[in-house]
Structures are given as C-alpha cells and as structure tokens.
Amino acid sequence: MTTRCLQVGVIGAGRIGCLHVEHLTTRIPSARLLMVADISGERAQQCAERFGIPAYSANYQDVIQHPEIQAVVICSSTHTHAQLIQEAAKAGKHIFCEKPLALDLETIDQIVQTVKQAGVQLQVGFNRRFDANYARVRRAIMQGEIGEPRLLHIISRDPAPPPLEYLRTSGGLFLDMAIHDFDMVRYLMGAEVEEVYVQAARVLDSHIAAIGDIDAAITVLRCTNGAIATIDNSRSTAYGYDQRVEVLGSAGAIHTDNRYPNAATLMDAHGVRRDLPLHFFLERYAESFYAEMAAFVEALLQQRSVPVNGEDGRAPVALALAAQRSLQERRPVRLDEIP
Amino acid sequence: MTTRCLQVGVIGAGRIGCLHVEHLTTRIPSARLLMVADISGERAQQCAERFGIPAYSANYQDVIQHPEIQAVVICSSTHTHAQLIQEAAKAGKHIFCEKPLALDLETIDQIVQTVKQAGVQLQVGFNRRFDANYARVRRAIMQGEIGEPRLLHIISRDPAPPPLEYLRTSGGLFLDMAIHDFDMVRYLMGAEVEEVYVQAARVLDSHIAAIGDIDAAITVLRCTNGAIATIDNSRSTAYGYDQRVEVLGSAGAIHTDNRYPNAATLMDAHGVRRDLPLHFFLERYAESFYAEMAAFVEALLQQRSVPVNGEDGRAPVALALAAQRSLQERRPVRLDEIP
Amino acid sequence: MTTRCLQVGVIGAGRIGCLHVEHLTTRIPSARLLMVADISGERAQQCAERFGIPAYSANYQDVIQHPEIQAVVICSSTHTHAQLIQEAAKAGKHIFCEKPLALDLETIDQIVQTVKQAGVQLQVGFNRRFDANYARVRRAIMQGEIGEPRLLHIISRDPAPPPLEYLRTSGGLFLDMAIHDFDMVRYLMGAEVEEVYVQAARVLDSHIAAIGDIDAAITVLRCTNGAIATIDNSRSTAYGYDQRVEVLGSAGAIHTDNRYPNAATLMDAHGVRRDLPLHFFLERYAESFYAEMAAFVEALLQQRSVPVNGEDGRAPVALALAAQRSLQERRPVRLDEIP
Amino acid sequence: MTTRCLQVGVIGAGRIGCLHVEHLTTRIPSARLLMVADISGERAQQCAERFGIPAYSANYQDVIQHPEIQAVVICSSTHTHAQLIQEAAKAGKHIFCEKPLALDLETIDQIVQTVKQAGVQLQVGFNRRFDANYARVRRAIMQGEIGEPRLLHIISRDPAPPPLEYLRTSGGLFLDMAIHDFDMVRYLMGAEVEEVYVQAARVLDSHIAAIGDIDAAITVLRCTNGAIATIDNSRSTAYGYDQRVEVLGSAGAIHTDNRYPNAATLMDAHGVRRDLPLHFFLERYAESFYAEMAAFVEALLQQRSVPVNGEDGRAPVALALAAQRSLQERRPVRLDEIP
C-alpha cells in the first residue's frame, strides 16, 4: 500500500499550519509528512517534535526542493503565498494553499497561469465547503431536494474583531472576512455572480472607523442562474460566532443552525435557555479543516481534480473588490467592471 | 359603564370585514356594532344575522351618516378607501381602514389632510404589528435587550400567488405584498428609511412574468438610525406561508420562527419531521386582527392616539414606490426622490 | 337550518362555565344557549347579560326542566355532578359534564347506568383529547405512522399547587390532577390499563405533606396492548406549566413540545433563550375547550356517539384509585383488584 | 516535562482497544503508549504499526510485567476482566478497565479488594459521564441551577439489537445495555439507589423472546436523596440511536436532545424535516472516549483519585441484578435484598 501514500511537506508552523500537521500525522494515514518548515526554526522544531515529523527547517526551500515530497501545504502569511506557490509549482509539487491566494487579481492570475503551465494541482483552503452543514445544503440543492435555488442568505458574524494591527493590513472586511462567504455563494449556487451591491451599517467600532473600514454590512449578489444572494457580515456580536445559511428553492427551502457545545436546554423562572454556540472558528469548523486536507490527499492519490482550484481562489477576490467598489460608489457593480 | 362603550359601524362584509365584525361582536365588549353595510345587501344581511347586528344596509352612507356611530371600520376594496375615509372624516367619525389607504401618495396626502382637518383619528390595518412574534421583537429592541439595532432581516413569503385577475390590479409585489414588510421595518426599527435597493430573482411564474410583475425579490433598506434591513419576498413556496424576522443588535440578536398547528415532532426511518407551519394568513395572524381592533377601540375610548396612524399608512406606500423605481432603474433610490 | 341547531342550557357560571358559555354563544353557531343557571343568581345574571343569553336562574332545575333544552352542560362543583346528571338524564336531556364524574366508582356506575336507561348521551370533559398536540400524537399512532406503540411517557406538571383548602377535598394528586393523564394513556394507546405502580418523590411542600398528600410522583402503567406508560406528575415547577408526551413505536417515535406565547429566540452574552411556555391551563388548552364542546354539539346533531363517554369517565377514576393503593402498599396493583 | 508523562500499555486491540490507542497516541501528549497486546498477535502488530507503538505482543503478561509501564488499559472480553485486573494490580499497575468489571458481585468485590490492597487505582469505562450533554446536566444539578433534583428520566435506545450469539452471553438487557443508564442515575443524582422496579413491554423481537430476554422496558429507581428516576430502554428503534435525559428540580429543569450529523432543516411540501441523529455509538460518544482516557491519565499524573472507581463499577451491576429480580418477581426490589 505504500504506493497509495502521498509524501507531503508543510510550510508555516503557526496555528493553522500545526492544525494541518496534526491532521496529516494522526488522521490521514494515506499521507506521510516528511518535513515542516517555518521562518522560525524553533517553531518548526517544536512542531516536528510534537508530531513526530522526521525533518524540519527554517528554510521553506528545503521543503520545496525535497526530492521525495510530492505536495506542499502552504500556511505562511498571505503576502508570501504567490512566491511560494510559484516556486513549488516550478519544482513540480502539488500545492495546498491557505486562502486568500493574494489580495489582487493580477497576482492571482499569474499564480493560476504558473500552476497550469507546471501541470500541478492547486487547492485553496476554503475549508467551509467541507463543513457538514454547508455540505448538506449543497447536497439539497444539487440533488434537487429544494428545486431550483432562488434566494440565498448567508449570516457570517465573528464574535469580535481581530487586533487593530491585523485589521490595518487585512484588506478590509470584504477581502479578509467576507471572502469565505463569497466562496460559499458560488459553492452553494453552482453558479457565478454577475453583480454586487453593498450597504454598510453605520460603523459602531471607533477603531475600525479610524482606519476607514466598516464593521457590519449587507451584500447583495445576483447570480448567473437568476438567483439572488445576501451576505450579512458583522465583525462582532455580543453572543459569539454566528454562521448560518438558508436557501429558498422552487420546491422547498433549507436552513442551518449554529453548532453548540452541548444539546442541553434549561428552564427556570427566567425562561428557557441553552448555552451559546461554539465560539471559536477552529472549534466550530474543526472537522472541515480535516476534511479538506483528506480530500486534497485523496484527490492527488487518485489523480482526480482537487475540489477547490485556483479559479475558486480567484473568484471570491474579484467579488471582494466589486463589493469594495460598490461601497465606495454607492451603486451596484457588475463583475465585468472588475479587471 | 355605557360611557365606556364605542358605537361602531362596519363597511364591507367580505372576508376581512366579517372577521372584524366577529371580533367586535364577540371579543370586544367595549364596542357596540350598530350597523354593517356592503355593496351587496344580501351579504350585509347575512353578516348582520350571523352576528346579531341590529341593522344592515346596501348603502355605506347609512353607516357614515348614522347619528350614533362614532367610528367606522372600512373593509371595502382598496380603490374605495380614499372616498370613504374622506366622507367619514367629514361626518366626524373616527376611522379604521384596511391597508393600503391608496396606491399613490397624492391621494394619501389628501386623506391625511382631510382627517387632520376633521379632527378625527385614522388607524390603518397593519395587523402584523399586533402579532405576538413581532411585538416581542419590537419589545426586545425598545427595551434594550439587544442593544442598538444594526441589521434586520424579514422573510415574508406567501404560499401561492393570488389569482391573476387580482394580480393585474394589485399594484405589483411591492404595493400589494411587501407593503406589510415595509411597515414592519419602520415599526421594528423605530426609524425611517432613507434609501431602497431591489434585486429581483429571475421570474419563474410565467403568468406573473406575462403581466410584467416579479415573483421573488430582495429589498435592502438603509434606515435613519444607521441600521440596514433586508426583505425577502416570494409569491410562492412549496411549503406554505413563511413569516420570520431577525435582528442583530450591538448587545444581542433576536429571531422568530413560524407558528405551527402543533408542537409534535416525529422520528422514523426517513428522518425527524414536523408538520408544516400554519398555511393561511388569517390563521397565522388570527390574534393580531383581534388585537389591532381592540387597540383601536381602546385608544378611542381613552382618548389616546391610535397606534397606527395616517403617516404610518403613507410611508410604506412611498417605500413601495421607491422599490419599484429601484427595480426599473437598477440602482439604489433615495426616499427624497419619491415626490 | 333551524333543524340543525341544538338547544342548550348551562349549569354553573364559574370560570369553566363561562368559558363554555362563551364558546356556545360566539363560536358554535349550531348551538343555541337558552338558559344559564348558577347557585348564585347574580353570577347567572351577569353571565347571561354578558353573552346575551335569553334567560337565567338561580335554580338548576329550571334548566333541566326547560322544555326546549335538549342538552345540559354541567359545570358545577364535583360533588353535585352525580345528582345533576341523573336528574338531567331522567328529564331526557343529553349531558356534557366536567370531569370527574365523581370520586368513587360506585357513584359513577350508578350515573352510567341511569344515563344508559334514559337513552341519552353523556360526554365527560376530558378536554385535552381535543388539544392539537395530543390529537396529532393519537393520529400518528392510529394511522400507523410510528407502528405499534411500545413505550409512552407523559409529563404533566402544574406551575403551582392549588390553594390548601382546595387540596384538602380534592381527592389527592391522582384523582385531582393525574386523572387527565390517566385518560390520556387510554386515549393515546387505544387500550386499557392492566396494572399500575407508583413511586412518589420525597414531598417538598410542607403544606401538602401536612395533609398527607404527595407533590411529585412517577406512575407506571401496563396496558393491554403490551405497551408500558409512565406519567410524571408534579404539583409545581419553577418555570410554569409543562405538558408533553412522547411515544416510541415499532416504526418510529413522536413527541410534543409545550406551547409558547411567541416563537422568538434571543441571543446575548448570557446564552440563547426564549420566553417561558404558556403558563395558565386555560390559555394553554384554550382551543381544546372550544373543540370538545363543538364536538359534543356536532355529535348530537348528527346523532352519532359523543367522543368521550361515561365509560371514559369511569376508567381514569379506577386508575387513580389503583395508583393510591399502589402508593400505600408499595407494590404494583392490578386493575382487577379495584372493585 | 518528561516527568509529567505516563507510561501506558493496552491489552486488547479490538474496536474499543484501537480507539483508546488512537487517543493515547494522537490526542493525549502526556501519555506514552509502550506496548499493545492482543490474543491475536497479528491484530496487536497491525495496531502497533498503524499508531507507531514501539512494541506489541500476543501475551498480555508482557504488558502487565513490563517494568516501565505504569498503567494498563484493559479492553479484552468481559470474562477476562477480573483475571487481568487482579494480575495488573498485583504487578503494581494502575488500571483502566472497560465496563462491566464482571457480571456478578462476588467477583467484583474480589477485584475491588485486590486493587485496594495493591494500592493502585482502578477506573471503569463509563464513558458517558464524559459526554458534553450529561456533563452539562450534572453541572446544572451540582451548581444548583435547577435546585434540588426530584424526577429524572433517561431515554436510552439502541438502533438495533446486537447479533443473537452476542445476546446469548451478554447477561441480558440490564447487565449489557442498561448498565450505562444505572451508572448515569448515580452520576447525575450524586446519590445511591434504594429500590428498583421494572415493567417490560411485551417482547416484539422473536429472537430475543426465544432466548428469554426482553427488548424494551421501563425501570423506576428510588434514590437516597428522595428523587425518583426512570429509564426507558429499547433494543431497537426505527430511527436510530436515541440518548437523552431530563431532570426536574425544585428550581428548574434541564433536558438534552440527541446529537446530529448536521444542523440543517429542510422544508418542502411534505413537512419540515432534518436528518436522523448520529446513529453509531462510537460516533455519538466519540469525544467522551477521548475525555475519559485523558482524565484517567491526568488523575494519575497529578496523583488524584480517578473519576470513576471500582465502587462505581460495582453499583450498576447491583442495580442490574435488582432489575432482573424485579422483572422476575413482578415487584419492587430493595437494593439491600441484593447480596
């Protein structure tokens, strides 16, 4: 069975990098993790020791040039993605890269082009596609359980905004946070978006206002299949993480609830109550991070196309740019206006 | 206690008229219904006999000119509302009128003006304000349970479109159906709307397409309190009537579910299921029709302002007209563009 | 259509009596209420005036002897039921009587015998059979949606115990409160009970302990169809009225939730919560009181058997007596041990 | 930190054994698994290779006598538990053993005695105590969220009976299946059981009837804290695994729902439905198996008492024996009747 084993290297041993390492070493027997690299050699070493990885390095090129490694998992900072993908592609490695590929379309186009020329595969880390709730909604749509989809609503609210220094370079609400939701519209609809319109709520968080960003917005998207989608984004809620979708189709509708730490309900003199939903995205989406990596490994071993490719990495960035323009110009923006 | 009794007449003995008659005669002891009129004298007679009303007439003026009647309830066709309200006002009667007052703002302005000059009160039949679900949401907002409201979503879907002949003269989706939802935005937010934007889904129902109307749309509304609202309207669903709202506030969120004929859940080999929500609007909103009429009678007896006045009747029509223009011109429309 | 109208008299104008009067006068057009009697003539008069009843009396015999009255509704105190039923039966009137018929089986047997000999019908006020939740569960069982029923659980808890003076003469938890649940077991199972076993929780309420009653108990019942039922009774909860059932069948299961004043759910920093269920039995079961009376009137008009007869009034009393003995003797008691 | 590492050996590499091995090697960094043994050397080898365990054996004594192993995890067949525990205890190893310790109390008493004399600790595998739902209910009780507990209901139904050959030697419904629920009563109540009463439903499964076992029963338990508990057991349901509890306390109540593969709800012309609950106990209780082992390792490292000890292993067996006698003798059985 050794022929059914994929040799993998990981670049970036931060929070997400270590999560992928854990899944590759403990839950995906058909993967063999040969090396982890991190700009901090110490971090790489700690990760290697904790998960029993044979080798580590402070130099990502040791992973990319490793002769036995067939696939590289890139979990370094966003601004390094383009360079690393292109080097890995030229070295003939398949690539899994965290989202977003880049914050501009020109760079992404170059990435996609290089990957194509190199004849390797690139999977982008839109993990939510692998979440049981969204997968169930997609299945309902694709198998016709609700007929032709007509109206889609996504609620995607974070418990609290990231640190201000992060926000400053994040690219703003649309590129940083809504990008998952833009991907979700395409994934659920099985269609592209033609037009985007944004209305932002008056900014409440003075720090976010100070850097010119927004903290809550409604985005409306017209899809090529004639359906309309809305996305409700908020950088914070009083009650934690809120991640739901609902779809109206011609033959039915489907909606999802949040996931909870337990299924207990308590009644007392004050009311009927339950504990808050899972608060932390790594906990809420834990299984999806495993499932996307397992799907990546399996696709390569079976020489099938990976489930989220470079084009899927590009489209949400284009939608985020359209949303930014709609916000600035206070009008609906067609996707063909985005170069 | 006779001084605490309001003498009432009803004009229009159709479905809604009879419902108001039933409430006035059986559930509102402080009202005394003296006469019912209907263009069909036979219908008026049947209604009077069924509910023990002392008098009936085929001529609405018998109600308006009745010396003992203090308040007139108008349930006739929309196109008659303006005329009847103005006659009743000039006769010094207080008025309850079904929505909409009229389909154009000029007429409504005349109505409001006449009513004001006559020194009588006018309540408009936005019954949903009196529904327990919406009233609970409004209370959460007004009492600060969820902090400052930021994002509001209304789902308002009918089980099936009305007959085509009705649709032809209904004024279209916005004036006929969404008008309740436009009122709900104002009611829940306690604020006005500044700007409206519409995206309609591709029309599925060929009959509706043939008369140039739409059958499903998303409307986005920016409110003067800085909040953003969306309305999801559909003329039909496969599963019946769907009436829900949810609001995100700075300190929490609240959402409502539909109402069901029973609270039973069944599990078998195929899944976990319950019966469909209440299907018919008269059943779903039954209590709200009673409550609005009780509130009307009580306000007059206590010489307080009625809870839904002429201005509340005008604003949703203005919003519907703005929505129509947004759909035609494919752009957000400011309310100050609507004359 | 006058031939399809039932002439009715009501005896007892207390809380339940007035409720039946309201339904008979406002919601059941095929009934005509001719007279109300109450031991307090003033109470009878007030009721008659409020609901427009042609006649009233302080003497119940005026109802029973009224030549035009075809059916008598008995809502007086429990200890008067036997006498009134027998007099009414002998006068040839059909009878609706509130539960329980009596607190001992000998009296009930005499009642049933007299009614039978008189050739009239007797319906007992087990209103919960007409509640939408329980009716849905029964339908699931009768139509085979869950196969053959095997295990049934009833939760039946009051918000707070009745006044102590009432409790003293109530007959105790089983005859006063659980009697509805004993009826429900028979109604849902469509079978009789063979054996009863009771375990009472240690009494918490010192007043209830002082009069030798219990305040919470589990009753287990073996049915003739081989199914086992449990009843969970409590005289009080911190959170209000709690009325639920669930049934496991060979092909599925069904359970009911409580009914709520609204369907709103609120999320804030403390949790996810909703308002408490409907608290008051007259509110929780409002529709069932109407439905049982409508069914009574309709059955008589159509010359069909009434849906809850004298035998249905006897069986729950026998079960209560068996439960009392089980509690005293700390053993399962067979129904054939109850004379 | 090497001093905070527990050296562990596992005996039995079947389904549950491999699950513990997986948790020990991949999710519990403070444990070091040195050896796995199985009566099938091949199974031991496969397990060792899959999870990178340094050594394996076909002889369990290699684990028990291993000089560096501090704790032994016993996952072999029930009939071997007594022997293995006693040998391990005499070798000075701490022990984790799957439930039940044995099917008779005499053997268990010997086990507990030996373990005590050896000065080692013994944890019994009642994993459900570590499930998030039950832990939440226990927390509600222990922290006074619902006041003093009065009535407890456990629903514990399997999707389908085990194979007949397994059933023949399983010890019957109470020792094999309800044993978890007997433990749960003690865990949630924080009290012992004084008396047990059983009513079994008429047996539906002819194979189970043929071996003299039952397939569905209600057990009523009176606790030393004055509370009453019921357990609803069924060997099969049409809809899968059903695991719920609810508790009424003097200040509130708490109940749990099942866990589901997703939180999606679908509405169509036929009703409102969701997918069935998690079907397989290893999936439903996955996290609890990890958590019990982590708690075992942590307790030993911190030299605290293990959370489920030998006495906790004995009591549910006594309850099962009392239940068997109640069923045979058709009467409530006091625990002090069980030798």
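As written, the chains take the letters A, B, C and D, and residue 1 is the first residue of each chain.
As a convention for this text, a contact is a pair of C-beta atoms (placed from the backbone, for glycine too) under 8 Å apart; a residue touches a chain by one contact, two chains touch by 3 or more.
What you are looking at is a predicted structure, and each value in this text was computed from that prediction instead of being measured.
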Self-check item: Contact-graph distance - origin subunit B, target subunit C
Solution: 1
Quiz item: When the contacting C-beta pairs are counted for A-C and for A-D, which pair yields the higher total?
Solution: A-D
Quiz prompt | Computed distance of Cα centres, subunit D from subunit C, in Å | solution = 43
Quiz item: Between subunit A and subunit C, what is the separation of their C-alpha centroids in Å?
Solution: 58
Quiz item: Using CA atom averages as chain centres, what separation in Å is found between subunit A and subunit D?
Solution: 39
Exercise. Identify all positions of subunit D at which a residue touches two or more other chains, and write them in rising order.
Key: 146, 237-239, 242, 251-253, 267-269, 275
Exercise. Would you pull the subunit D residues touching subunit C in the complex into a rising list?
Key: 146-148, 150-151, 153, 157, 195, 197, 199-202, 204, 216-218, 220, 222, 225-228, 230, 232, 234, 237-239, 242, 248-253, 330-332
Practice problem: Can you check the complex and tell me which residues of subunit C touch subunit B? | Solution: 22, 25-27, 29, 50, 52, 132-133, 135-137, 140, 145-146, 251-259, 261-269, 275
Quiz item: In the complex formed with subunit C, which residues of subunit A make contact?
Solution: 237-239, 242, 267-277
